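Comments concern the structure below.
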Amino acid sequence: MSARDNILKKLRAGLEGSTPRPDQFDETLVTEPWQYAPEDRIQRLRSLMETVHTEVYTLAAANWPAKVQELLENRRLANLLYAPGTGHGQQLAEFWAEAAAEQNLLAYDRPIEEWKEELFWQVDASITGTAGAIAATGSLVLWPDRHEPRLMSLLPPLHIALLKASEVEDNLYVMMEKQNWPAGLPTNLLLVSGPSKTADIEQVLAYGAHGPKELVVLILEDA
Amino acid sequence: MTELFYDAAPNATRVAPERPGPRTYPAKPPEVTLFGTCVVDLFFPEAGLDAIRLLEREGIRVHFPQEQSCCGQPAWTSGYVNEAREVARAQLNLLDNGLPVVVPSGSCAGMFRQHYREVFAEEPDTLKRVDDLAERTFELTEFLLHVCKVDWQDLGQPTQIALHTSCSARREMNTHLHARELLGKLANVERLDHDHESECCGFGGTFSVRMPEVSGAMVLDKTRSLRESGAVEMVTADGGCLLNINGSLEKQKQTFRGRHLASFLWARVSGEVKS
Amino acid sequence: MSQRIPVKELTDSFRGRAVGALADAQLRTNFRVAMDSLMKKRADAFPDEEEREGLRELGNHIKARALSRLPDLLEQLEAKLTENGVHVHWAETTEEANRIVHTIIESKQGSQVVKGKSMVSEEMEMNDYLAERDIECLESDMGEYIVQLDGEKPSHIIMPAIHKNRRQVSKLFHNKLGVDETDDVNELIQIGRRTLRKKFLEADVGVSGVNFAIAETGTLLLVENEGNGRMSTTVPPVHVAVTGIEKVVANLRDVAPLLSLLTRSALGQPITTYVNMISGPRKADELDGPEEVHLVLLDNGRSGAFADAQLRQTLNCIRCGACMNHCPVYTRVGGHTYGEVYPGPIGKIVTPHMVGLDHVPDHPSASSLCGACGEVCPVKIPIPELLQRLRQENVKSPDEPAVVQGGGSKYSWKERALWRMWMALNTRPTLYKCFLWAATRLGKLTPKNLGPWTENHTAPVPARRSLHDLAKAHLNAEKTSGDRS
């Protein structure tokens, strides 16, 4: 018999004569304590994210590319990794061309194997979209895909994320329901709640452990 | 979540019992049984007597069945289940008369209230009597506070004390809350907090002799924080902890001591000062 | 204090190692400070008792429900993962699991493995297994990396290097990596970052653990703060996840409460920096992520715990570490004293099923049963109750069938005879009274040396009159005076 058969057989023997426990998931326990008035929702998200060293800006939707450029300029960064196949990627590229911005735009448009070294060591910053955010825990939802790969939010020391103000939900449970996650998940769904950190030495918090040292969230208000 | 494991099929996956709501207390009864506990019996009998006096002061007639011995906890926690069960059965039979049972020890009261269910898990008929006993069992401070609703005049001099509650008393009987509230009724008694107050004193029954080094480190820390609290003395409603803490203090040649809560309370409300 | 313990026992037994740990002032300070801080963080993360208790009950319910249909859920998980393109493997023993992992690495001619934090891989001693086969298996969680660099094992399941302070880490980095010493924690972390980033880039295979495996969607969920978990599961061309069979939950929505319980109980965080949900390998048109994802489901004694309805509750564990943070024994002796992968209260109840009670005979008794662990457990494992049960299994006579492997290892007919005597004493009132009579009369003769008890205490002297005696006299007097009036 295979290991699989043995394990399953042992487990089934243990349950002999018993019935599965009924499903008594009480969703109010994960929703009611985590509900916010619309005007408080973004404030909650913002304050939680700021507590873990995230920079958060709220701005009119049209202004974000200029803000990105300003962020790079202030930090004297030389390049920015972006996703050319996305709507915001195209918007960024158009702005960059018009403004004749001097930072290099690096398009994530080929498999990682072709430029691993460069991605690992030479990219200063990245910009990605988000699939919304969760106020209760101060988390961004990232839904990486073919156009906006997984490592964009992990390798560069600075990660800039765009968040639509209208896509902030109260809590994880509501987010799962609204976006119907069980119906189809991407290869790698992510919740990101701040820049990478560790407290493994004496419980002293240090940022930039393996992922981004800085996370900047641009909350875009509809015009 | 109504189907608790006690009632479920033997192989059924268990769920934790739901958190019990606040206990409802009966009106003050005319008579009660005192279950003295073996440690009080042998090492702190005065505390047992003071418990009787405190109850009598509230106009309650106290019975002390001479056939009582130990609740069975030492054998139970050591894994000697059959031995524990027979000792438990002897107490169960003895206390099977419907009278409220008052216990001057949180851990023994907890044994009646919580662990007899596990001890007799395989005897459904006995479980009914176990439930009945559990319902009638009260730790002393709980009984004075919530059943007798004592209203005391503090006849003692102003003093400062630290309160230690045994872990099982705290977690199974909420004794820390009852004792605090009860002490709060004494006008001249100030209760001082001590460092890591909710941490175990290291007694744990046979743990103290099976792991003497770890247990010793725990009681050293406990006695240090008690002494450093600024209190004049420590009071506790648990004989085991008292034995542990006082024995350690004496070994360290410290003058600071603990005293059973029953004795402390009796001294305050009777005005009797004992050596 | 230690002179009564034979030298061999100093390293081979819990008690012996505890003596060593207790004598190490630096270690004790490191743990006390860390555990105090972790307890405070947890308390602050659950300001509302009602909310906390409701969530704990839900957590318990979700795990109990999953366990009550565990074999079905495992099959569902396997089917879903397979559909998503993940290879699923089963292993009864750690040896089998190691062989599976090794075979996968070999098939890629891999020589470098980078590992995200995984307690199951510690169970497997995967690093050593692979090292013996000329494969470098590098820990990438900062704490794990520090511990590995020093040739040690983790001393805490969430904070592996909690027993070290910054100076010890600095010295270690200086000696092993040739960098300058520094007291700056940030600088130490940056040294780790630079060293490990290179390793992520070069690795052939990434290994990770799993926090929750979701049967409904075929998803492996990992939580972490550092990003090393994401690196290990995204950069190398092959990702191998290893996990215990108890980690499966039925539905995606189940992770909403479990996540909240896990991160708040562990570190007092509302959530970890990253929650990483992996549902398959890189799709044909995707630009990064591993081309192959494997899951190894490990039993290693879990089905033994599962066979008993009471002990099954051990498998509720979500590995948050709150029980050890709140344990007065763990706080004083640290994780290495336990001598096994899982320390603290959870270690005491889970390890016997993995290695046998006879290998860890003192585990169940190294507890005062204070109950702090059970009180904070986010999935309401009745840890003290299970410790009591294991004590029971451990003193069983060899003639009785063993429920837990290696059970009965503390059986002693002498001790049993003593408890029989104790039982006779406490069930026969006449005998008990004789005992009281003798003890109270002969109290003065109590020897000064009562073995282990008198190491920490003076010998307790029985009172001159028992409560039985005093109460009888008192109540008789009351009765007489009552009758007179």
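Here the chain labels run A, B and C in written order, and each chain numbers its own residues starting at 1.
One rule holds for everything that comes next: contacts are C-beta pairs under 8 Å (C-beta built on N, C-alpha and C of every residue); 3 or more make two chains touch, one makes a residue touch a chain.
Quick caveat: nothing in here was measured; it's all calculated off a predicted structure.
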{"item": "Graph class of chain-chain contacts, one of line, ring, star, complete, other", "value": "complete"}
{"item": "Central chain (by mean CA position)", "value": "C"}
{"item": "Computed distance of Cα centres, chain C from chain B, in Å", "value": "30"}
{"item": "Between chain B and chain A, distance of the C-alpha-averaged centres to the nearest whole Å", "value": "53"}
{"item": "Touching two or more other chains - residues of chain A", "value": "14-15, 18-19, 21, 24"}
{"item": "Interface hub residues of chain C, defined as touching at least two other chains", "value": "61, 64-65, 68, 309, 312"}
{"item": "Residue numbers of chain B (touch at least two other chains)", "value": "1, 8, 10-13, 15"}
{"item": "Interfacial residue positions of chain A with respect to chain B in the complex", "value": "14-19, 21, 24"}
{"item": "Residue numbers on chain B that touch chain A, as the complex places them", "value": "1, 8-13, 15"}
{"item": "Chain C-touching residues of chain A, taken from the complex the two chains share", "value": "2-4, 6-8, 10-15, 18-27, 29-30, 33, 48, 52, 108-112, 116-117, 120, 136-139, 145-146, 149-151, 154, 171-173, 176-177, 181-182, 185-204, 206, 208-212"}
{"item": "Chain C to chain A touching residues, read off their complex", "value": "34, 37-38, 48, 51, 54-55, 58, 61-62, 64-65, 68-72, 74-75, 90-92, 96, 140-143, 146, 159-162, 164-166, 169, 185-186, 188-190, 192-193, 196-197, 200-201, 216-217, 219, 225-228, 230-231, 233-235, 245, 250-254, 256-257, 259-260, 267, 270-283, 285-289, 297, 299, 303, 306-309, 312"}
{"item": "Chain B partner contacts - residues on chain C that touch it in the complex", "value": "1-2, 14-15, 18-19, 22, 53, 57, 60-61, 64-65, 67-68, 309-310, 312-313, 328-329, 332-333, 362, 364-372, 374-375, 380, 382, 385, 388, 390-395, 416, 419-420, 422-423, 425-427, 429, 432-433, 436, 439-440, 451-458, 460, 462-463, 465-472, 474-475, 478"}
